[in-house]
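Read from first to last, the chains carry the letters A, B, C, D and E; within each, the first residue is number 1.
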Amino acid sequence: MIPVLLIVVPLLSGLAAFFIKQEKAVKSWALFSTVITLVVSLLGLTVLNKAANLHADAEWLTALGSRFTVGMDGMGQVLCLLTAVAFPLILVATWNSSYKNAHNFYAFMLLSQTGLMGVFLAYDALLFYFFWELALIPAYFLCSQWGGEKRIAVTFKFFIYTFIGSLLMLVGIIYLYLHTPDQSFALESFYKATLTNKEQGWIFWLFFIAFAIKMPVFPFHTWQPDTYEQSPTAVTMVLSGVMVKMGLFGVIRWLVPVLPLATWLNGDTVALLSVIGMIYASLIAMQQDDLKRLIAYSSIAHMGLMCMAIFVTSPQGMQGVMIQMFNHGINIIGMWIVVELIERQMKTRKMSELGGLAQQAPGLAILLVIVALANVALPLTNAFIGEFLLFTGVFNSSVSKMGPVFAACGGITIILSAVYTLNMIQKVFFGNTNTLTGTMKDIRFNERLVLGVLVIVILVIGVYPRPFLELTQGTVDTILSRMIIKHPS
Amino acid sequence: MNAIVISAIWGVVMMFSGIFSKNNAVIRGTALTGLALLIVVNVMEMGGTSLFKVNVHGMLYFDSFSLLFNTIAFGSTFLYTLLSGRDMDRVGRSTPDYFALIFFILCGVAISSSFNSLLMLFLGIEIMSIPLYILTGTDKRNLKSNEAALKYFLMGSFSTGIMLMGITLLYGAKGSFNLEAIALGTGELTPMVSAGLLLLLVAMGFKVSAAPFHFWTPDVYDGAPTVFTSFMATVIKSAGFIAFLRLFDDAFGEMHAQWQLVVAVVTAATLIIGNITAVFQQSVKRMLAYSSIAQAGFMLFALVALNELSRQGLIFYTAAYSVATIGIFAVLIKMKDYTFEGFNGLAKRQPVLAATAAIFLLSLAGIPGTAGFMAKFYMLAGAVANGHVLWLVIVGILCAAISIYYYFRVIQAMYFKEGDAQEMEVSGTFKALLVLLAAIVVVLGIFPQCLLDKLYYFF
Amino acid sequence: MALGSALMVIISRNPVHSVLWLIVTFFAISGHYIMMNAQFLGIVNLIVYAGAIMVLFLFVIMLMNLNAETEPKKNKWLKMAGIIAGGCLLLVLVAALKDAEVKSSTVQLVDGEIGLIKQLGHVLFTEYVVPFEVSSVLFLSAMVGTVVIGKKGD
Amino acid sequence: MIGFLINGLLRKQLSKSLTSILGSGVILGSFVVSLLIFFQVKQGHTAVVNLFDFISVGKLSIPFSFQVDQLSSIFLLIITGVGFLIHVYSAAYMHEEEGQHYARYFAYLNLFVFSMLLLVLGSNYVIMFIGWEGVGLCSYLLIGYWFKNIDYTNAAKKAFVMNRIGDLGFLLAIFWIIGKFGTVSYGNLFEQVAANAKTLEGSAAIVGITLLLFIGATGKSAQIPLYTWLPDAMAGPTPVSALIHAATMVTAGIYMIARSNILYTLAPFTNTIVAIIGLATALFAATIAIKQNDIKKVLAYSTVSQLGYMFLGLGVGAYTGAVFHVMTHAFFKALLFLGAGSVIHAMHHEQDIRRMGGLKKYLPITHLTFLLGCIAIAGIPPFSGFFSKDEILAAAYAANPVYWVIGVITAGMTAFYMFRLYATTFLGQFRGAEHLHGHHPHESPAAMTIPLIVLAILSVIGGWVGIPEVLMKDAHSLEHFLDPIFAASSKFAHPHHLSHSTEYGLMGASVLLAVILIFFAIGRYSKRPELGEPTGFGKVLANKWYVDELYNAIIVKPLNWIGKFLNNFVERDVIDWTVNGVGKVISYSSRQVRLLQSGQVGSYVLLMVLGILAFFVIQFFVKK
Amino acid sequence: MNIEYYIVLSIALFCIGIAGVLTRRNAIIIFMCIELMLNAVNLLLVAFSKMHHLKGVAANPNAGIDGQLFVFFIMVVAAAEVSVGLAIIVMMYRNVHSVDVNFLNRLKH
């Protein structure tokens, strides 16, 4: 019931949005729709939180053994909530931007929300794949049509990159499907698929590359900074706040429990890649002058950590990933909002051209500093909870012998992230104003509202994360039990 | 059988329609009636009602597979006529004759989808080919069209020679032209059968433009009047595939393992050459020609895999591919400039045209939610299920990714680039039809079952 | 003899000579038919091919005034490649078929009734009636096609 | 206690005086509460208050809970007491700031106190870590308080990053503890450790954990190699320097190690390291302090040096001594900083001592209190510094006489540079006239001097809570008070007892050295202060052994270089090139393959025939 | 007579036809070569037909007759092809006054 609504509401309103030609009207319509989605999602979390409400099943491609099965467990709840929260926030934050052909813009936004919801809700591999691509296509159109100068080439790269990945995944899905006992795409059947070790091995990589490109994990990341840089900020928020979570989600739901043996065998390799990626991205982030690129690289580093934590198979790490997926989404959206605000007024994102904004816009500065601190995982912000659990998990991995090494190397990024984040704050907000930044005005009410909400979320989760942890505990247990049963060693 | 007889008769009717009416609209109407009639009788036959009791002496064999395909082919032609029929008038004055030829071709299509004897295959293929040579050359003043016709003709008859040699060798080995008789015997591939098989493979590969026998395709598609290119690239090609599959499945299915490698090589070559060459094209029409080679590569997966999934898949693929290609060609015909630049900024001038074209292209590229995806899905699933050709699957995937490049170039031109695309006048009906076609593409993409179930429900 | 004249077909520079050589080839082939007691085919071959078709060819060539040795030198290496490819194909085919399953079967010469017009006609109009009708469609289309192509004035 | 935070953040819009009153008021309130707690604890009541489960995952459960015991109550008193005085002082010192920034200042200060309290009150390592990072953050905010100045914000950044390096060690230690013991609560953890002491002693895990914790401590408490942030941190307002860099934050490392004393007791190797690092830092910082000319820098290096002392104490197992020194150091270093602040205030933000001199007559109260502070830090009996320092030195001697020798030399140097500072600033001729445009420096307002006086009194008498056994029996009340905390570890320690005569000898030697150097310094610098640029070895010292430059050269620059290399080369030329290269290869091959399509029927057929040939070859000859 | 003789003969004719297609430029001659290929096929078919007749005549007096009928159909198709082909060639000639296939290179790449 709830899942179906979560998918159908944005889908229908998105299609309808194509026909609302007035900019104001379509904006309001989109906001209205996303708020409804949010309400539905919250209802699912609170009042209607019963198994019967959270799952739905219908006939689809019967002959192929694929059904329209959607449902939400703890992880699904968290990510749907993130999607549901993110979109209204994004819309409000970018309320003052105006777009050519606004109806198309908002329609595509809503469609991508549909895709994202679908991905997080699907319990059927083929359905999952459908939504996976459905989320991608609107994003492609959004970036290519409303992006920066080099948008066409850059988004094209992004598109082809992810498309190759997802095709590889498709092969993996098909292979698994053919090896299920009942020829079905259902997740449960995938668990039962009989595969030899070798088969598991290469299917693992088929899946992993798809997810790795999405996350992105080094060395599959080069699309990301360019795309983030060139996309309109609202889309960047969707991409980085929600869409990259698809990769992690995919790994957790479709890769790790389905191919436990391969996960176990390749875990260290993946973790190593992640660690390299984390340090690599952090070092590069230190060199960036463009705010968007900086945040993009920082995001790569953070995603690397989460990816690593999944593959070391530990309850803390897994739990950390769950909560951090949400946190990272919230935090990075906050960062983008700030960038958007600055760019809209200053027409530049170059840190070297900015400076002294704290004098001109103290409100913005304070909110940014809190968000930025959350980005470096300072205690009592939400990201601390996540990163603490992640690192604990990695350090104390029961599977990987290299846990402490990984944790220590990954820990270096804690320092590096402090370096580049503080650098950014310093260059943008501190120092004296120049002729450009002297004209900056402080933020408006709607922006203050959005950032305020984000900050409250950041702090509340940072201080009292228990509800979240309890929500995802069940999922974590299930996944870990799947991961561990098959290789008792 | 219904379809064969009716289409032949209607061909004659069309031939004479030109005498009774000079009005092209009337002629088109007659043709559409004929097509509708064809669809109806074919569906009737699917339901078990045969209008003509003819003893075919085992020459033809109608099963759900061939009948379903016939329906698809007739349906596609119907849509094609609706969308592009009007544009035939611009090619030349003999519209009734064109329609007559098209009906004869449909007769050939029906034969080659249901042959059970190499003789009928040969005749069917020839009935399809000979009118096509003509249609290619209908734009008589246009040297390109002339050239295409001559090339097509020379190479086509060359491949006919090859095919006949193949048939002969098979006959020499087995003493019969009947598919069942050929399939009889051991699973061993004797030298003569093998040589015959290879020659047939070459000839059929030529018809479906598989590499390295594809060279005629770009030139002919490019040179032929666009209206007929559209027809050629869809119905004829699909029919070629159905015949191909039928031949190899029924006659050589037993020894599949022994010729799989060769077909796999052909498939890979087709995919790679088609996709890679398409990347560099400057003309959308030519790009579509190469892309049709690439699509042929995907359809060849059915032959490589040769299992139930891929058989279903091929049917579905032909439908998905035909509908999308007819759509995109219908849009292309309306353009004044066939280069990519010619599409710049189309979205602003003609949003409906651009949007539907985008959907067709997405379908060709195999994006989920469109028919093209399900088609590719079936093909890949079939190949994976086969288990021996995973390397081919990977090649296929990489090529699919390449194909994104050139399909999306059109989308980019339409949506993201500035420019004023010159197009001809488009009527409201035309737009409505395009939307209908796009809707078909999407519905097939989300509920492929509604087509494939027909394979089972009627029998 | 058939081989020799066939070679001459592709060697001779003058198209008219080629046609003549081809006719010689056809005669040789017809000879084989008759040797195998396929009289009907032998005759048809002579009438249809050597007679009608070749005359048509000649006619067209004359029409185009191509009787002179107009064909310019073709690219040498392409020619070589063509010959080599053809030769290779011959070799490969022969090699492939040298241990064919029909090896050392004999071909019945002179006697045997099936090549006679009576038997052929009978079978043609019973078992093969469908293909026969279908081939009429082929002719129809060829006819329409030729008309379409040949029609002047547009 | 949480109330501090809320108070601190909500006062943005209030008026200046209200802000200061509120800001100081809450600290006063908490001081009173701390006193109450202290007395309760003194009667033997310790308590653990569970607020809620902070993080609970699987078997790991981390409650958000507080623990009040002897150790934390001592620190509570120091923090709130000194904190309160500094708040009062700040109210006057910062009066020139605009309202909004003034409020911001107090908000940060309160946040700082809150974090510090969290640090000492937390009942497990995670809560401690929260406070730990919290104070790091506040120090970042306060150092960079004047954010318009890029140098200041650089210093702030440096402080934060250096702290983070330490924090990483701390974090890893926490992870290790979680992995090894499954809990981070002090109670459970120490019980487990004590119960398994035999197996754990000297084991890799315990050594690793303690080393990592120590890395954390070096970051926060400014030890080698992570000390360079502290002197730079002097960029912040002076009261901040007093609060953070003297009284409270930097002692967090001491608190942590004292808190985990049992772990350290079981890891002798780590103890040695701690002692050596502490000693080295003490000596090293002292040498640098000798040649500094910035009044706050001198104090800063002296802080580093004193902290080194404390670590020496910890390293040799004199936990009480270390805590004792924390306390006395808090008094006299806060006093010195505030005094310096008063001087700076009077000199209109001039910090170079070469432009001062003869301030004695203009700033009598400041002069007097400053002098008391100097004496205290120099370790002259009966001022507080003597007792605490002596306790550490005695323990050091017991552990290894070499420690003692270096310790005493350092103590002497301390006395020397402090009095060099004192003499140059307050004695001799006034040299700063041109800077003040003819105005004379004037004494600070009461709100600033009263805290000075209170601290001066404390620095004098503060040491009397820990008079050593030899001088007065049972007078070391601090030791008795702290006994429960260190009881467990003393079971496993191997104390060396010194004879009374040795102890007297040691005391005498150090005091004598200090006194001689004091007089030398006063004599030398009151007459002829060093005004020129130092040369030779002095230059090396004045430039802090070029450590900053060294760090710059071996860490910052290579990192930057690697970053640039990765950005410009690996990212662009390797990975992106590969990715784009694939595209290029495809379009190139497209151009080549396209040429096959020559338009010539002949070549098409030729290629077809070749294809046929190839297939025949594959079919007939390859497969068999 | 041995069947191999006919096989080799036909294949040789066939290959000569192919070689002709490959080497000549005159569209008409190419076409003639294709006809030659068809004749090679016809010859082989008849030979096979007689061979099968010999093998199966005992069971079925009409055994092998299908081969000869096929030849008949080939001739039918060839005739149709010739008419269409020559029409196209003539059309071509009318436009460019040449039947040289090498001039056919407007369409390439």
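Note that in this section a contact is a pair of C-beta atoms (placed from the backbone, for glycine too) under 8 Å apart; a residue touches a chain by one contact, two chains touch by 3 or more.
As the structure is a computational prediction, the values presented were derived from the model and not from experiment.
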item: Both-way neighbours, i.e. chains that touch chain E and touch chain B; value: C, D
item: Steps in the shortest chain-to-chain touch route ending at chain D and beginning at chain B; value: 1
item: Most distant chain from chain B, judged by the mean position of its C-alpha atoms; value: D
item: Winner on C-beta contact pairs when A-B is weighed against A-D; value: A-D
item: Middle chain, criterion being Cα centroid separation; value: A
item: From chain E, the most remote chain by mean C-alpha position; value: D
item: Mean-CA-position distance for chain C and chain B (Å); value: 30
item: Mean-CA-position distance for chain C and chain A (Å); value: 70
item: Rounded Å distance, chain C centre to chain D centre (Cα mean); value: 101
item: Rounded Å distance, chain D centre to chain E centre (Cα mean); value: 97
item: Overlap residues in chain D, where contacts from two or more other chains coincide; value: 594, 597, 599, 601-602, 605-606, 609-610, 612, 616, 620
item: Multi-chain contact sites of chain A, meaning residues that touch two or more partners; value: none
item: Per-residue multi-chain contacts in chain B, two or more chains; value: 119, 123, 126, 130, 133-134, 137, 140, 151, 154, 158, 162, 169, 172, 191, 194-195, 218-219, 280, 405
item: Interchain contacts, given as pairs of chains that touch; value: A-B, A-D, B-C, B-D, B-E, C-D, C-E, D-E
item: Contact set on chain D toward chain E in their complex; value: 594-595, 597-602, 605-606, 609
item: Residues of chain D touching chain A in the complex; value: 52-60, 64, 100, 126, 129-130, 132-134, 137, 140, 144, 147-150, 153-154, 156-157, 160-161, 164-165, 167-168, 171-172, 174-176, 178-179, 559-560, 562-564, 566-567, 570-571, 575-576, 579
item: Complex interface listing, chain B residues touching chain A; value: 362, 367-369, 373, 377, 380-381, 384-385, 393-394, 397-398, 400-401, 404-405, 408, 412, 415-417, 447-449, 452-453
item: Chain C contact footprint on chain B (complex, rising order); value: 4, 8, 11-12, 15, 54, 56-57, 59-60, 92-94, 97-98, 100-101, 104-105, 107-108, 111, 117, 119-120, 123-124, 126-127, 130-131, 133-134, 137-138, 140, 169, 172-173, 190-192, 194-195
item: Residues of chain E that touch chain B when the two form their complex; value: 3, 7, 10, 14, 17, 21, 27, 30-31, 34, 37-38, 40-41, 44-45, 48-49, 51-52, 55-56, 63-64, 66-67, 69-70, 73-74, 77, 80-81, 84-85, 88-89, 91-92, 95-96, 101, 104, 106-109
